[in-house]
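Paired with chain B in one complex and with chain C in the other, chain A is shared by the two complexes that follow.
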Partner chain A sequence: MILLAHILLPFTYILLALLIKKASIKSRLAVLFATFNLLWALALLPIVQFKDIIVVQVGGWAAPYGISLVADRFSVFMLIMTAIVFFLVTIYATQSVDKARRKSGHFFFTFGILMGVNGSFIAGDIFNLYVWYEVMLMSSFILMSLGGERAQMEGSIKYLILNLISALFFVSGVGLLYGNLGTLNMADLSAIISEKSHMLTHLNPALILMVVSFAIKGALVPFFFWLPASYHTPPPAVSALLAGLLTKVGIYSLIRFYTLFLYHDAPFWNQLILWMGVLSMVIGVFAASSQFDFRKILSFHIISQVGYVVIGLGFYTVSGIAAAIFFLAHNMLSKTNAFLVAGWVKRQKGTLNLKTLGEVYKESPVWGVLFFISAFSLAGLPPLSGFIGKYLIIKAGIEANYIVVALIALFVGLFTLFSMVKIWLEVFWKDVPKDRVVKIPEKKRKSQYMLTASIIMAILIVAMGLWAQPIVTYCEQAAVDLLNPELYIDRVLNFSR
Partner chain B sequence: MELIIAIFIGLMFSCGVYLILRRSIVKVILGIFVLSNAANLIIFLAGGITKSEVAFIPHGEQTLDPALINDPVAQVLVIKSIVIGLGIAAYILALKYRYFEVTGTHDLDSLKNTDQR
Partner chain C sequence: MRNLILEKIAIIYLRAILIVSVWLLLRGHNEPGGGFIAGIIASTGFILYAIVYGSTAVEKTLRYNTRNWIGSGLLIILIAVVLPLIWGKPAMTSIWMTLPDSISSYVHIGTPLLFDIGVYVAVIGIILSIIITIMDVLKWNS
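Presenting the complex of A and B:
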């Protein structure tokens, strides 16, 4: 039952939010529930670390027939990072999002996203995973368009259509897989596939459909076009949440699928995944360097950084997957914080166009430092978390004899640094251009909660870099678990109570 | 029977792809509907098409011979995904309506303001 709380907590908030009318009470309740969610996720950590994988068979039906919820080390780590990001973004949103949006259900739908994301991290059944995806996507569609500004409408139509196409791929894949093997429980599927190794090519159509769907959700090259077209349109608190959580779910599922099914046909998948990652890295960073909008640069960087995670998976060694998990967690924090700073700049200056901004550092050194920390963590400067993440990935690449890939990763890091310096110089450092008249809101609005959330996140980024050792050890244990799926299969299928 | 349904699914997929390549947003949305129904049919087909009883255990009995019934799981999955499709259809039409109110156009080419250049 312990895992169900991750679904029931957000759901309880959703029910309560229907009854409450006042925006301020809704916000406070949201922070309260986000705290509960965080505490609950942390409570799971000692169980998976010292005891065993947590398995819950919903409704008491035995494994291949009922719905299994499974949490191993990797899932719990992702649950904790999600909870942290969600908690901080919720605090930030209580002040950043305008009252009309908060009143008409901003938190309602962010909790929908939380429910979907938590559900996808613990789903042990492919169809269940699809349902959580839909919960998450429906909420994100609505958040994307909530408010009804013109740019939002355009962004959400593109986001909607391309993500629906990815959902269609996924459903078709589920259908083909079920037709072939007659089960959708991931552990059961993995067991069947490892018994019948001759069926692999037979299953490839279904698996390719699903991997393409994950690649669309995870914004990998060549399926990323929806992301930079839509992530800069909603309110900043929304894009921070989406950037921090949604693409990571696609990548999580890819890692899960790879370590349970795809590795049986490694010669086919390994190179495909690896080079998809490399291309995402390179194309994302080049496209980011050419942009002139704060949030668009960050959006393209999501693509580039997802590529790093995927090449870590493509190495398929313990250190490679451990590096991928660490990098995923680091990226959730650093990327979200960069978006939070963008939200503050937008609130103060009313625009995020790099050409019209300037001198923000003079105005508020604190936010300057916060941006500095998250941006240079993304670029991979020591002692921040991004340095450890990139170091681990490049080291894993050299150990796995993918020297060229490791060198490309280093080279991409240089360009990441370039575009981060570009934002830093244009937004925070240079003088405000004289010829550009910008309408600045006269009354400076308060932003203490926004600041608190962003400071906590920056502290976490620094802490994750300085005290990386225990986290890396945990990630390595998680990677060992992932590389030996027998334990996972055994725990799910032989669950007895 | 399976072959006929398979060909029909193929036809639906091609209609759907044709529709989502159109310029009008309404036609793209219709294409999404057609495609999602085609995907539902794939799951339906995965359960196998046989002439058989409903998957209910008769009153007073404990078990049922699996040879007598059709695979109920596939049908459950189809129902779930039809319901999800229904919710999405309602939302996407509402979004389209609002978009039309804001901009007064059906043309996908007018959507390029938020694109990367």
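Presenting the complex of A and C:
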């Protein structure tokens, strides 16, 4: 039950949203359920510290046959970060999303995404992981196209088609794997593969299909095209949620797969994953610096930042994976907050084109500071969380003797700083261009909830940088657990109540 | 133009198909059938009714909005999932009622039945909400 609640809470909200008509009650219930989800995720923290791995066998069926829900330290950390991001974006959305969208089911589908994301973090077998991916894909597709504006439709069709292809790859990989080994339970699979490590090349077709599907989900380099094509079209609250949560699930699955299965064939996979990460970092950051749309720059940066996480995984040391986990969490907060600020700018100015914006800092210094905190955390300035994340990654790279990769990561950080400074100068600092007068909305709309959500997020970013030590220690413990899959296998397969 | 024969057939078909669907729902746990199939079959009856009488008439026969049908179906599923917790068993465990010996060989009542009923109601709601939306958009027989 302790883990099932992460699926049942969003499920309960979804059915309540079907039975209730009033938009205002729906919004309040959404905040309430997001709070419950957050509290429940925080309650898992002491339990996982005590038990190392939480296992629930649904319906009392033993492990390789029934549905197992498994949460180790990494999963719980991801659940908590998801709950924080979701809670704050929900508060933000109660004001930022217009009433027509809220009435026609905005929160309904955001909770669909929450259910999918939570489900993927605790799924103990691959087929369930696939099902949660589908739940996430369908809800996010509808959320993207909800409202039916022209640009939105264009973005969401690209999103849907590329993600359906990824789902096709995933399910064919699942089929091949099941045909070869006769089980889909992750712990069972890992145990079987470690016994028969000589036949691993035999399984590579299936694993490659699945890794490609994760790479499409996580927007890693040759497969990232859908992300910048679609993330700048939906309402800001939606793109903030998608940017904060969805790609991270793909990367989570990649880390989980690597530490359970792929490490057996490390000579093949390690270099592949490492250089995929390096290419993502470099290409993402270069593509971002050539853009002139606020949200498009941030979208390209998602690709670059995801690359950092993947190189952390590619080092495959305790410090490397701990850094990857820390960076993933930092990125969820900072990226979402940057999108939240973009949403406010869009609401006030009606556009996000850098060339027509200007002087926003004069209008509202508070939002300026909020953007400053999240953007320069992304760029990696001390004392913000991004600095710790990048420092850990680069340190791990040097320790693992990947000097070139570490240098590239440093170099990419410089370019991230460049494009963040570009947004800062263009949007917040420079004078409004004389020849491009933008019509200002007739009356200033209230934005106190949006501001609250963004301020809390910014405080968390600063706090994560200043009090990084306990979080890093936790991440190191999580990395040790990930590097010893025997514990995971043992707990899931020899489960007794 | 009204077609009297078709109208009568639609009503008779709806009644017959509802009985068949309930029968399929009840035999579902051990034999072919179950909530999903029964729900689809039941909704064919409503679809024919909708084609003949129009979408507003079928909404009236359903009594509640299709959204409420989906919602209550999901509610029943949720109850079936969390009910075993009262007995201290993991969620989604099957709990069966102990019935008197005279009927226990052919009547089984338990949480899987409740789960199937929830699926039945939700599937009817989902299919009809899709069909009614399409009919409204196409202005079909309204």
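In the analysis below, the second predicted complex is superposed on the first by the 497 of 497 C-alpha atoms of A that agree within 3 Å, B and C clash if a C-alpha of one lies under 4 Å from a C-alpha of the other, contacts with A are read in each partner's own complex, and residues count from 1 in each chain.
Keep in mind that, in the parts below, a contact is a pair of C-beta atoms (placed from the backbone, for glycine too) under 8 Å apart; a residue touches a chain by one contact, two chains touch by 3 or more.
Worth saying up front: this structure is predicted, and the values here are computed from it rather than measured.
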Room on chain A for both chain B and chain C (clash or fit): fit
Between chain B (first) and chain C (second), which, if any, makes contact with A:Leu8: first, second, both or neither? second
Among the partners chain B and chain C, which is in contact with a greater number of residues of chain A? B
Check whether A:Ala287 is in contact with chain B, with chain C, with both or with neither, and answer first, second, both or neither. first
In the superposed arrangement, does A:Leu18 touch chain B (first), chain C (second), both or neither? second
Between chain B (first) and chain C (second), which does A:Gly155 come into contact with in this model arrangement: first, second, both, or neither? first
Quote the smallest CA-to-CA distance from chain B to chain C in the superposed model, rounded to whole Å. 8
Overlap of the chain B and chain C footprints on chain A, residue-wise? none
Listed in rising order, the residues of chain B that touch chain A in the complex are 20, 25, 28-29, 32, 35-36, 38-40, 42-48, 71, 73-74, 77, 80-81, 84, 87-88, 91-92, 95-96, 98-99, 102-103, 111, 113-116
As the complex stands, chain C meets chain A at residues 67-68, 70-72, 74-75, 78, 81-82, 85, 89-94
What does chain A use to touch chain C in their complex? 1, 4, 8, 11-12, 14-19, 56-60, 497
Any idea which chain A residues touch chain B in the complex? 127, 130-131, 134, 138, 141-142, 145, 148, 150-151, 153-158, 160-161, 164-165, 167-168, 171-172, 174-176, 178-179, 182, 184, 228-230, 232-233, 287, 291, 296, 300
